[in-house]
Amino acid sequence: MITGRFFAAGADRRIAITIFILLAVAIIVPLLNLAVPPTSAFYVPSYVVALTGKYLCYALLALALDLVWGYCGILSLGHGAFFALGGYAMGMYLMRQIGSRGVYGNPLLPDFMVFLNYGELPWFWYGFDQFWFAAIMVLAVPGLLAFVFGWFAFRSRVTGVYLSIITQAMTYALLLAFFRNDMGFGGNNGLTDFKDILGYNVQADATRSALFAASAVTLALAVFVTWAIVGSKYGKLLMAVRDAESRTRFLGWRAENVKLFAFTVSAVMAGIAGALYVPQVGIINPGEFEPSNSIEVVVWAAVGGRGTIVGPIIGALMVNAGKSWFTGVLPAFWLFALGGLFVAVTLFLPKGIVGMWDSWRDNAKALRAASINEEFGTDPAVPPPPKIVRSAARTPGDWSASGPEPQPAE
Amino acid sequence: MSKSNTILYLDGVSVSFDGFRAINNLSLVLDKGEMRAIIGPNGAGKTTMMDIVTGKTRPDAGEVYFDGQVDLTKHDEAEIAMMGIGRKFQKPTVFESHTIEDNLMLALKGPRSIFPALFHRRSAAEARQIDDILGLIRLGDKRDELAAILSHGQKQWLEIGMLLAQDPKLLLVDEPVAGMTDAETEETARLLKDIARDHSVIVVEHDMHFVRELGVKVTCLHEGSVLSEGSLDFVSADERVVEVYLGR
Amino acid sequence: MILTRAIGLTLLLLLGMLSPSNAAEADLRAIIAKFATASNFSATEAVVRELAATGDTAVERPLGALAEGDLYVRKADSLVFIGKAAGGSVALLDPLSGEKSGDAAKSEITKIKVNNTLRRAIRDALGTLTLGAKDPAARIAAADTMFRTPDATNIEPLDAAIASETVASVKALLEQARAASVLVSDRPEADKLAAVALIGGRGDRNALSLLTAIEANSEGAVKDAATAAIANINSTLALWDAGQNIWYGISLGSVLLLAAIGLAITFGVMGVINMAHGEMVMLGAYTTFVVQEVIRTSFPGLFDWSLVIALPLAFSVAALVGLVIERGVIRFLYGRPLETLLATWGVSLILQQAVRTIFGPTNQEVGNPSWMSGSFYIGQLAVTWNRLWILVFALGVFAVLLYVMKRTPWGLQMRAVTANRRMAASMGIRTPWVDALTFALGSGIAGIAGVALSQIDNVSPNLGRGYIIDSFMVVVFGGVGNLWGTLVGAFSLGIVNKFLEPYAGAVLGKIVVLVLIILFIQKRPRGLFALKGRSVEA
Amino acid sequence: MRGSFSTITKMFSAGAVTAGLLMSVPARAADDTIKVGILHSLSGTMAISETTLKDAMLMLIEEQNAKGGLLGKKLEAVVVDPASNWPLFAEKARELISKNKVAAVFGCWTSVSRKSVLPVFSELDNILFYPVQYEGEESERNVFYTGAAPNQQAIPAVDYLMSEDGGSVKRWVLEGTDYVYPRTTNKILEAYLKAKGVAAEDIMVNYTPFGFSDWQTEVAAIKKFGSAGKKTAVVSTVNGDANVPFYKELGNQGIKAEDIPVMAFSVGEEELAGLDTAPLVGHLAAWNYFQSIDTPENAKFIADWHKFIKNDKRTTNDPMEAHYVGFNMWVKAVEKAGTTDPDKVIDAVIGVSVPNLTGGYSTMMPNHHITKPVLIGEIQADGQFETVSQTPGLVMGDEWSDYLADSKDLISDWRAPLSCGNFNVATGKCGGKGTN
């Protein structure tokens, strides 16, 4: 039914193109890496595969954040925590897969437990030797945390800045907790030294390519799901809550449940991103809970354009590519560049790259007196700002289509 | 006083913020099917009274009953809205980034939980209802435009339309004609009188011309309690009302 | 030198302390010369003991110099000198007289190495020697040393000292020192019981330490008495521990208050989520560093005033940077609080990296002025001066700020703009200026917080990061827009944290506090002292 | 795959991998230089320690070039910034090896950063020289550990404190930051102390978080623990940033070195540079190098450093010396092997001896750890350390501690035929790693 809508709505061109590109990349990049000889001009080196795979995970995380921030106005400064929890769940699976190949050759206990004198496996490590169990945990742990956290916070009507600050407190508390060696998650060193995933060597090129493809496909799926959510009546409700929460309440909607659903879905998406990320970078440690990481995610979404589906993806890819470039070529300037980007985006690109592009395009089209009705239908995610419509209307002579413009009462 | 035949029953309600008594021993009764206009100076407690009725503010003391038997102090906004109390804010509040049609769609009576909304498809009946309301509030030609581009008065109407879509038993309408032209005001009065035929309505308004046009019983609030109640002529003749509100 | 010896001799005579014989100066020199041949620490220690055994107060100088690491051997002739580094070379002084006897390059002399054990031996030796010193502080130090290192041979000199002591408080200490020595002597049990009682009455950790050792090494009545005295001391100390925890909590609270109070203005009053707040604190700390550097190189005498001088400068620097940030970035973002978060986070990265580029990534040294060093005791409660001053300072800043906000026209304008910008503007208040100055005020206060925090924390580019989350917690917990809330928030978080710490450990304690804050916000979404009513929800 | 299809594929992949492809254009190394990777954080929390090491490496490379380079080629330093972000360490390591084609990498500070890059080095078969003291329990084919293993720092330090010179300490506080290095070191020390007859109640272990700044409670607890009538010492594995507030609190609460000395394993000249050390005189540190060491090599090194960094006040420290030793070993091994090929160099470097800065020679052992002298120093008022004790000979780094139950049977020998990092002498088997 939703798929029907997807293919029927030819207007959602941008989403379709994005999904198509992602799926194509999922097939082509691994091919170019595995089947093409390294001497060929088309060869994609393994480290580029690993790098872009990582970016795609970040893009998924940014998309997850955008679902709550862009569409529901919840600025979560704790999405890194959901990402990290998903990553830890996957890391625990990978850790158990090492089996007796650890340095101490202990068949059951991971190395860090051996040298910290753990007598036996802590109860919460049970089950992680099974992929299906770990996969469920990847979804369940972040989802459950988000559900419980959101259930309390949204019910108590904690909003805006307060919510942002307590999400930050949440990730900070988790950071401190995971740093503790007594927690049984490897402390500061985290989980590392992975060998196999589903029986395949994590370092093999083929595995890397498969993980890359999995990331791209998952991202494509996430784009589709996000699109389906925001296009549904619920999605409209989500934006309604963002714009006028009390109005939705007085219409009988439970705004807290509306937010809770989005928050939980978003956390699950973030968790999946983390789970895909860990085998590709080969380590998960409490550093991922750093509040600054979560803030960086916000910037990716902001740069690309919040409240759009493609924006956060573009933002995550661009900022991270920039980060890779700067930290390699101009290491001393990396923080200046990142800091400057934060400031510049908030000041000059409040709608991000995609939002800016849309505004520019709408403006241009409006000036050409194209029918705006058609435009409005183009992408429900990116409503053209009314301000621009008005300014265009001041252009004399060609504004008959929409009838007399009402004067705003200001 | 018997509650049984009332749509709204407030008795001895008080609420204070940081020592300031916004509502002070307020008693007010609205019969089923009645339309009532409430006037009073700024700070008289009109909006706070609406906050109490709609569950936004809990009273410190007093009884608030809806439909004769429902204790409203035990419910929150969403529940109260579902029971059938609709509210229009003083400042028109519509979903500006949605089209007018979507605004109404979100307000339409129906299940209010997440999953039905997620898999919702518009039925023919719903489409008809929306068409009807669009006609009523005279926004039919703008159904696909964003609410943000509407004029102030049109937003007021859209909000009233959203109230109607909710199909409530009781409508609380806060300053519906603020910022409207005279013609629009008359139109609004007509609209409200239409609505009052099969709904109970409370209208808060400063515009005495408009109140006169409605031609209903009037309650004047002052410092959180009822100062005077009766027909508009009776109330405007009341010395105290003249003193605190209408001016000499 | 003659004078010193004369005083020493007179004192010795006055005290009636008859040391076997005053070693002649030549003898002392002969002993001191042995330092040159002592090949290891124990050999050096033997020389120290030999010197101390002479009982001549003249050995104070060489021994003191040795403890300071200032005793050298000239390689050419194996003579021992006190060396004072002066530029590239070392000024050599005679070890007994202290008179200058030439210079030497660093390569011409060898330092006589000391370590902790040796320093302790010297301290003990000097302790006995200074028992008869004129300065009561020296006698107290001597009594203290002898209390901590009891020795049966100390009893006689202590008896003599007690007999001639005129200051009651010093006398009490001497008696305790004597009691300690009695306990390790072979005196009769009755004497020892009396000694245990006397020491038990002292009630501090040193007494506890001594009695624990006695308990382990004695039998019968003395052991029982020691056990009882230990139990007694422990129970009093437990009470003091609780007091100590409260003090630590208050002290931590004052640090939190300082860190958060500027934020209470920029975030609480103006609604700007200023993530660069911590960097303002850092700028204040670096200003202190620069001030101290200038003072060290140019006006060493003013060092104790360095913090006082740094205060206005730190305020100005941070306020100026704040002003630039407000005019350059934040003023475009009013009404979009979440975007101020992003922009100021960017600013904080830039400021951090700028400081790292200018000053380097390493810690910078900011010294404590003498009035902020050390500690004093209230009963068994150790109070460090720097913590006390920071508390006083935090409360002072708070009081001033409160006055500015509530009693000055500027404060009134500030509050007016916050309450209703448009109304304030139409009443002739220049809102842009008020905004800019308010932000500068908040930043400036963060800057002076940096002056105080430089006294207890690292002065590094990361300084601000450590405080930013805590600051936000304090402001949010206390209630945004309410200075008193910030005060109460800071102290309650500090005290709760410090009470949890001994039981849960530092990490878990902090986690618990964070979780408590999250839960608290659920209960009171607008903090401890929230404004209620219609206006705040508009 | 050619013709139109490849054009299309190219077009599509462009979207997501533009950045990657941009970087994938291999920076073709000019054949007349040998590239050396420097992988130290220049921003973030670790910049405080690691930036100095980057500068030290640049200096060493510059000096080597002044001496005529290596194998007739110039050395070229490739500096990247992993920004104190552990996954970024792995990414940057991969970039250095795959893209920049470096011959060896000098880098990392924290254990977690090393753990993060390990798989990259073994996968791409390159060399990492790791210059920081660490917790041991590791021996990798591609990594050379030029910092101290626990037995090259912790055990001699405790021995000193137990000796008469050190004050015959009977009661121990093990104070550390809560991460793997202090945890492991303390575990080893606890076992060691108990083996030496110290009772369990005479050992107190406490951990604090990273960057901890309010030490009042902890210092009071140390004071309390120290008043039990026995000579007490603190063994501190407190990390980096937390040290300054820790020492400030110690000084202010009047804990003197004569009464309760603090022996630190992570406090060097660099950390003391942020402190007024006058109240701390006599507190101790155990290292394999101090700036105050009086040898001609060290004097030259310090002079070169001051000249290079253009600041006479900058200190030198132990990890810098480790890089000095490690770099020279690599240079010598490359000369010996006649190539920079990592496989050959890995074999060639074992047994290489180079002068260290303390007046002796350090040798790379088959377990990829080096021999070092162990020095115990006391803090002086000028912010330097004075050596109060030195092990009589060189100590060989012991990667698998003899005091941990699970590692006491393990040994490491990377020479053929064993070629194993965790050979179990009890079972006679290589524990699962290694070349087989």
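Should a chain be cited, it is by its letter among A, B, C and D, assigned in written order, with residues numbered from 1 in that chain.
In this text, a residue touches a chain if its C-beta (ideal position, glycine included) is under 8 Å from a C-beta of that chain, and two chains touch if they have at least 3 such contacts.
Chain by chain, the UniProt names read as follows: A = Urea ABC transporter permease subunit UrtC; B = Urea ABC transporter ATP-binding protein UrtD; C = Urea ABC transporter permease subunit UrtB; D = Urea ABC transporter substrate-binding protein.
Since we're looking at a predicted model, the values are computed, not measured.
Across the structure, the highest number of inter-chain C-beta contacts is found for A-D.
When chain centres are set by their Cα atoms, the one at the greatest distance from chain B is D. Inter-chain centre distance (chain A to chain C, centres taken as mean C-alpha positions): 47 Å.
Rounded to a whole number, the gap between the C-alpha centres of chain B and chain D is 72 angstrom. Centres computed as Cα averages put chain A at a distance of 36 Å from chain D. Centroids of chain C and chain D (each the mean of its C-alpha atoms) stand 31 Å apart. Listed for chain A are residues 176, 179-180, 332, 335, each touching two or more other chains. Shown for chain B are the residues in touch with two or more other chains, of which there are none. Counting only residues that touch two or more partner chains, chain C has 353, 507, 510. Of all residues in chain C, only 271, 273, 275, 329, 332-333, 336-343, 345-350, 352-354, 357, 469, 472-473, 476, 480, 507-508, 510-511, 514-515, 517-519, 521-523, 525-526 touch chain A in the complex they form.
Note for the complex: chain C touches chain D at residues 40-42, 69, 111, 113, 115-117, 119-120, 123, 205-206, 208-214, 216, 244-245, 248, 251-252, 255, 353, 356, 360-368, 373-375, 382, 384-387, 455-462, 465-466, 498, 501-502, 505-507, 510. For chain D in complex with chain A, the residues that touch the partner chain are 1, 6, 9-10, 12-13, 15-24, 26, 42-43, 79-83, 85-88, 90-92, 94-95, 98-99, 110-112, 115-116, 118-120, 123, 137-138, 178-180, 183-184, 187, 207, 209-210, 404-407, 410, 421-422, 424, 431-433. For chain D in complex with chain C, the residues that touch the partner chain are 42-43, 45, 47-48, 51-52, 164-167, 178, 206-209, 211-214, 216-218, 220-221, 223-224, 226-230, 241, 244-245, 248-249, 251-254, 257-259, 261, 270-271, 273-276, 279, 281-282, 284, 378, 380-381, 383, 386, 388. Chain contact summary for the complex, chain A toward chain B: residues 1, 229, 232-234, 236-237, 239-240, 243-244, 246-255, 257-258, 261, 373, 376-377, 383, 386, 389-390, 402-403, 405-409.
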